[in-house]
Amino acid sequence: MSEYLIKNGHVFDPVQGIKGDKKDIAINDGKIVDKVSSGAKVIDAKDKTVMAGAVEIHAHIAGPKVNLGRIYRPEDKLFSCTPTKGIERMGGGASIPTTFKTGYEYAKMGYTTAMEAAMPPLFSRHVHEEIRDTPIIDEAAFPVFGNNWFVLEYLKNQEIENTAAYCAWLLRATKGYAIKVVNPGGTEAWGWGLNCLSVNDPVPYFDITPAEIIKGLIEANEYLGLPHSMHIHPNNLGNPGCYQTTLDTLKIAQGIKPKNKFGRDQVMHLTHTQFHSYGGTNWGDFESKAKEITDYVNKNKNITIDTGNVTLDETTTMTADGPFEHHLTGLNHLKWANVDVELETAAGVVPYIYSPNISVCAIQWAIGLEIALMMKDPMRCYITTDHPNAGPFTRYPRVIKWLMSAKAREAQINAFKHKDKVLSQSSIGTIDRELSLYELAQMTRAGPAKSLGLSAMCGGLKPGMDADVAVYNFNPDKPVANPEDIEKAFSRCAAVFKSGVQVVSNGDIVSNGQKRTLWVDVKVKENPQVMRDINEKFIKYYSMTQNNYEALGHHFVPNPYAIEVDATQ
Amino acid sequence: MTKTITDVICPFCGTLCDDLEVVVSDDGKHLLEVYNSCVIGTEKFLHSQAKDRITRPRLRQDDGSWKEISYDEAVEYSAQMLAKAKKPMMFGWSSTNCEAQSVGNEIAEISKACCDNTAATCHGTSLIAVQDIGLPSCTLGEIKNRADRIIFWGCNPAHAHPRHMSRYSIFPRGFFTGKGQMSRKLIVVDPRVTDTAKMADVHLQVEQGKDYELLDALRVAFKGEWLPDVVAGIPSEKIREAADLMKSGRFGIIFFGMGVTQSLGKNHNIDEAIAVTKDLNEYTKFSIMPMRGHYNVTGSGEVFAWQFGFPYSVDLTRGFARYNPGDTSTIDLLIRGELDAMFTIGSDPGAHFPISAVKPIANMPSVCVDPHLTPTSGVSKLHVPVAFNGVECGGNCYRMDNVPIDCRKVVEPPEGMLTDEQFLIKVRDRLKQLKGVA
Amino acid sequence: METITITMKNAPALYLEADNITPDTFAGKTAAQIAGLHVHEGNATSTLGKYFEVSGGAGATAADTKIVVKGDVSRVKYLGFKMSAGEMVIEGNADQYVGAWMKGGKILAKGNVTAFAGLAMKGGELTIEGNAGNYLGAAYRGDWRGMSGGRIVVNGNAGSDIGMYMLGGEIIVNGNVDVHLCTHAEGGKVIVKGNANSKVGGQMVDGQIIIFGSIDTMMPGFKPAGEVELEVEGVKAKFSHFIGDMGERHKKRKGQVIYANLYKKI
Amino acid sequence: MTNTINLNLISGRSIQQGVAIEGGKEKPLYRTAAGIIEMDVSDFKKLGAWKSSNVRVTSKHGSVIVKAVETTQGPHPGIGFIPMGPWANAIIDPNTYSTGMPTFKGVPVTVEIAMNEPVLLGIELVQKLCGVKVS
């Protein structure tokens, strides 16, 4: 592999505490190194910003519900499809881009690692087929556990060890990365058209509450010592007043300590916090509770969050929270797709238009930004749009602009039809904090990598780490004349390296890279009871045989990278 | 000695049964017996062993005779045809695996072709409806475990999906359905008293071509509004009874087939059936699912969608993807005279297209990749026989409920025969040379 | 207004996609420049001049430009695609997407047009002296935003799926229409002087249909609501009034449920 | 004078047709399974035809010889059923209404007795209708 020297850039690396110093970054054989030979190819980064490749902690970019979105929204691609260009395959789609476009768009913005946030286990092969066809970026997928019948039955009897053994089996069978929980219990209730809107609503038939599921899965996660923590989309998403349910959910983690060998400090990751920070009792008195949520998280160090910023676009919502999507189609009357997955989960899809002319949408916009600006520790709060739910990930540069420039926020507030309502129902107008580039690197690189247990591998520029590097046409020494320049700079990188291969040059794709699929291989003590239970459920209730479920052919994961965990002790 | 291979997937229909057992000879070259499959699946496995099978490509000569040629020559003909054509169609893909489909898509991209699958003649109109109104659905195991209302609308699984009823829909005992058939009510809507209709608790013998009206009437009945005395040949009283039966279940499912996708109204029939399902979710839990025909037509739609953004009828001629059935759909393109080359794989348009859409194929450069002799091979210039997918090679497939299952190879193909994927890779590589792309 | 005339001289072997033939693209260009614009026959891109003879000149703006299309363009698609102003006269038959995504200006097609004319039209006038095909003034696949403004007049017959997902504007068909008129419509007005086939107004949320001739089979979701006298296009007559689709969802305005209205001449 | 009746034609799957397509479309079994029209017993009476005699089925779109058999999935007076395949597709309505899908079901046809005319094999029929030279 070739050697590179990225010279004279302004480096921002929270892993090493580098805050914009002029430094050279050396790359050899896929890794960041101290030194390279004189034959190294030099990339001139003078007057440019250099950061590690960014890490996406939560997006819906591969798998059955994403593809259902593509299938049922031809209008999302109307006039937006792009031709083959050199080594770049054709692409298309605004809110649900094709797999090729997904890989290219992330890479062009300097993202080199991304997490698919919800993998229905029965469909894992589909998720991996799409991941295979998403070029450049390393990816991993989180199987969903919060409504899984095995989990519900084991946790009803507080059987943490069995839950953990089952989780380990499923992670291996699906080549999954982390324990994801979506509307715990509520999605199973949706099997009967019902829901669990609080952490204490009993799950029909299973005689368990969401709170018990959440606690049990945190404990199973720490029992196994997985790289990432339990990653949760709580109950009651998107409803006025839901922040109370969110606080109830967060409190479940109280007092639980992380146990892992990956440098992770949290036991719960709360995702798309924006959707869970609503006050009010209806859409009329709808208001921000970002302060209440961030106050709690600021005080409790064993929690990390991501934002879920609304980008004010026409987009496509999709979630394993089946009852929520049914609720949403009742509000906007747009086309509704749903898939209930036997014994495991469900998913729904509905298009949505976040119009700047609708006060609720504008307040949602404000809440997402408030969360990012009210969190004191940028290492515990990460920028997402919950792609494509609050907006497409391709809008990250715009979100960054709003976070880095109070002037840009003000311009947007002034453009809202219901400006006064936005100002009265949120405190966005009173916040003048502007994120620094260092904080940005924390929120998009070092922070998410640490939360995912990947801090030894990515999210930083320390020698020995993977050579994932992004160079932006942004000179931190010059004052920003126009906030639009921020958006422009973060939209298209001057250069991007993924594992030491240059994949982007002057905003164009120059290599399809050698993308990897990350997964977690946990060794647990032999557990004959769990294996018997699995066997029985396949014989009686699944529509597929166990052998076919477990047979994940190597060709679906052509370039795997297994993170090994030993939980036998 | 013989070997028994378990958990074998049946590559016939969209039910994609995965519990077959196949007995093969010790050397793995001969398939001897098939267990657990339906009569069609059994025939599919056994026919692969036919002694009179064509094993080498054949090119049609001016006098109408076939000349046996090598695979390399077949690759050359195919690549040249695709390189020269202004608007080639690459059609089929439903009886092959996703790996082959993926290579095919690359070929279509390089040659700027149109590509389409057999949804063109089965559930293409369902896809249009899904695009218009959505699709509340579920996996087949959900039906087995929960459903107490089963509706077959314009489909006849007793004939087209023989094991569907025993594996998933009518008979199985699931988690919440311990009494199996006893816990379920079956409604069949069909203009004929089909073998499926004979098992029904309620058979609505709808006037052919009036499904849209009947579905609308059900929606009106849910709301308790005024109805004419008779709709689509069914008395309104009977419609109201059926509506109540649907509403009173705990979990219902509508399976629909070509009786609605191909009759007057087409996509709108499905659209209205989906609206019925959506309405029923105000009262109880209801899902709806197309009874997909070919075992991997669903997979083709999935691969098209994640690579190009559309599930079928994709036009890449301008270098980027476009989609609009009526314009970009194979049968319209053929009948309107828009195409100048035809590449068929994993399907038989010669047998299943209206004859006016087959005639143009006979008059243009054409390649048919198919293990069988078919009407399509009978009108094509080049016939390329290949290994039987799902019998002689594995690969991923998607069931009618979009669940992916990896097919298994159970026997070796005859000596020297290529699989779909192997043949396509050769065509792709040759095409790249011709087009000068890396 | 300047007039530019393009005459088909070398008909395509297949079909031609000519989305550049609009006043918006022609405006400010000389005949030679126009002859150099791209057209596409399948995957082969060439110039307009290869197929058409170009004479006259375009105006400075779209509004100042009138295009006259002569010769056999029955295998040419996308005439007047996305046009925003100006005029176009098509002297013979044309193929699909005439005036599709049109925002303004006027198109006069003197012959027949096939499917998808006036698709998702937002404004302007589209007049078809012959017959129109399917999906006239309908929405693009998957989109719930169909024709929202402008006026389409057809002197002959029109096909199926006219005005699907229509939100606004007007369609007048002097002849007959095939099945599925105004399916899913949520606004706008369609007048049919001839007969309508079955499935009229299915899943209609709002909007208006007026039929002078017969309806093959009424949708069961349309409920009789008495008789009214209306003046339509200068004709005063008595009509049976139906409201519907009763099976569909409906908006409320001031506590009143708003239905779609169907009037059939008595 | 030959007697003709008018039917509404639908085509679709049958299990025999499913088995036959897997058994080989060049074989006579395919013709036995799909080169037929299933008619209601009352329509046989109207036509005055013996069961299992050959008939000519004609629509606006073409004409084909098939064997008339009594339906086992009736009664369905007025409806004729030809299993999906080349025989049905010689006469079904190719109109797609710009949806891509021809009208395979609901095609008005006339049926008349054609005792002495042969039902062609599947591939043979398509080749003949397409004018393909066969040696």
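Remarks
The chains carry the letters A, B, C and D, assigned in the order they are written, with residues numbered from 1 in each.
Definition applied: a contact is a pair of C-beta atoms (placed from the backbone, for glycine too) under 8 Å apart; a residue touches a chain by one contact, two chains touch by 3 or more.
Remember, predicted model here, so these are calculated numbers, not experimental data.
Comparing chain pairs A-B and A-C by the number of C-beta pairs in contact, the larger count belongs to A-B. Chain B has its Cα centroid nearest to the centroid of all protein Cα atoms in the structure. Taking the mean of the C-alpha atoms as each chain's centre, subunit A and subunit D sit 56 Å apart.
Mean C-alpha positions place subunit A and subunit B at a centre distance of 35 Å.
One simple way to say how far apart two chains are is to compare their mean CA positions; for subunit A and subunit C this gives 44 Å. Spacing of subunit C relative to subunit D, judged by their CA centroids, is 39 angstrom. Multi-chain contact residues of subunit C (touching two or more other chains): 115-116, 134-135, 140-142, 144, 179.
Across the assembly, subunit B contributes 128, 131-132, 264, 318-319, 323-327 as residues in contact with two or more other chains.
Shared contact sites, meaning residues of subunit D that touch two or more other chains, fall at 97-98. All chain pairs that touch, listed by label, are A-B, A-C, B-C, B-D, C-D.
Residue ranges of subunit D in contact with subunit C, taken from their complex: 97-98. On the subunit B side of its complex with subunit A, the touching residues are 6-7, 9, 18-19, 98-99, 102, 109-110, 127, 130-142, 144-146, 167-168, 174-176, 250-251, 278, 281, 284-285, 287, 301-303, 305-311, 316, 318-324, 394, 396, 398, 402-406, 438.
Touching subunit B in their complex are the following residues of subunit D: 8, 10, 12-15, 18-19, 21-26, 61-62, 71-76, 79, 81, 84-86, 89-90, 92-94, 96-106, 122-123, 125-127, 129-135. Subunit C meets subunit A in the complex at residues 140-144, 249. Residues 62, 64, 66-68, 70-77, 81-84, 87, 89-90, 92-93, 98-100, 122-123, 125-126, 129-130, 133, 149, 190-193, 205, 326, 329, 335-343, 346, 349-350, 540-545, 547-548, 551-553, 555-556 of subunit A are the ones that touch subunit B when the two sit in their complex.
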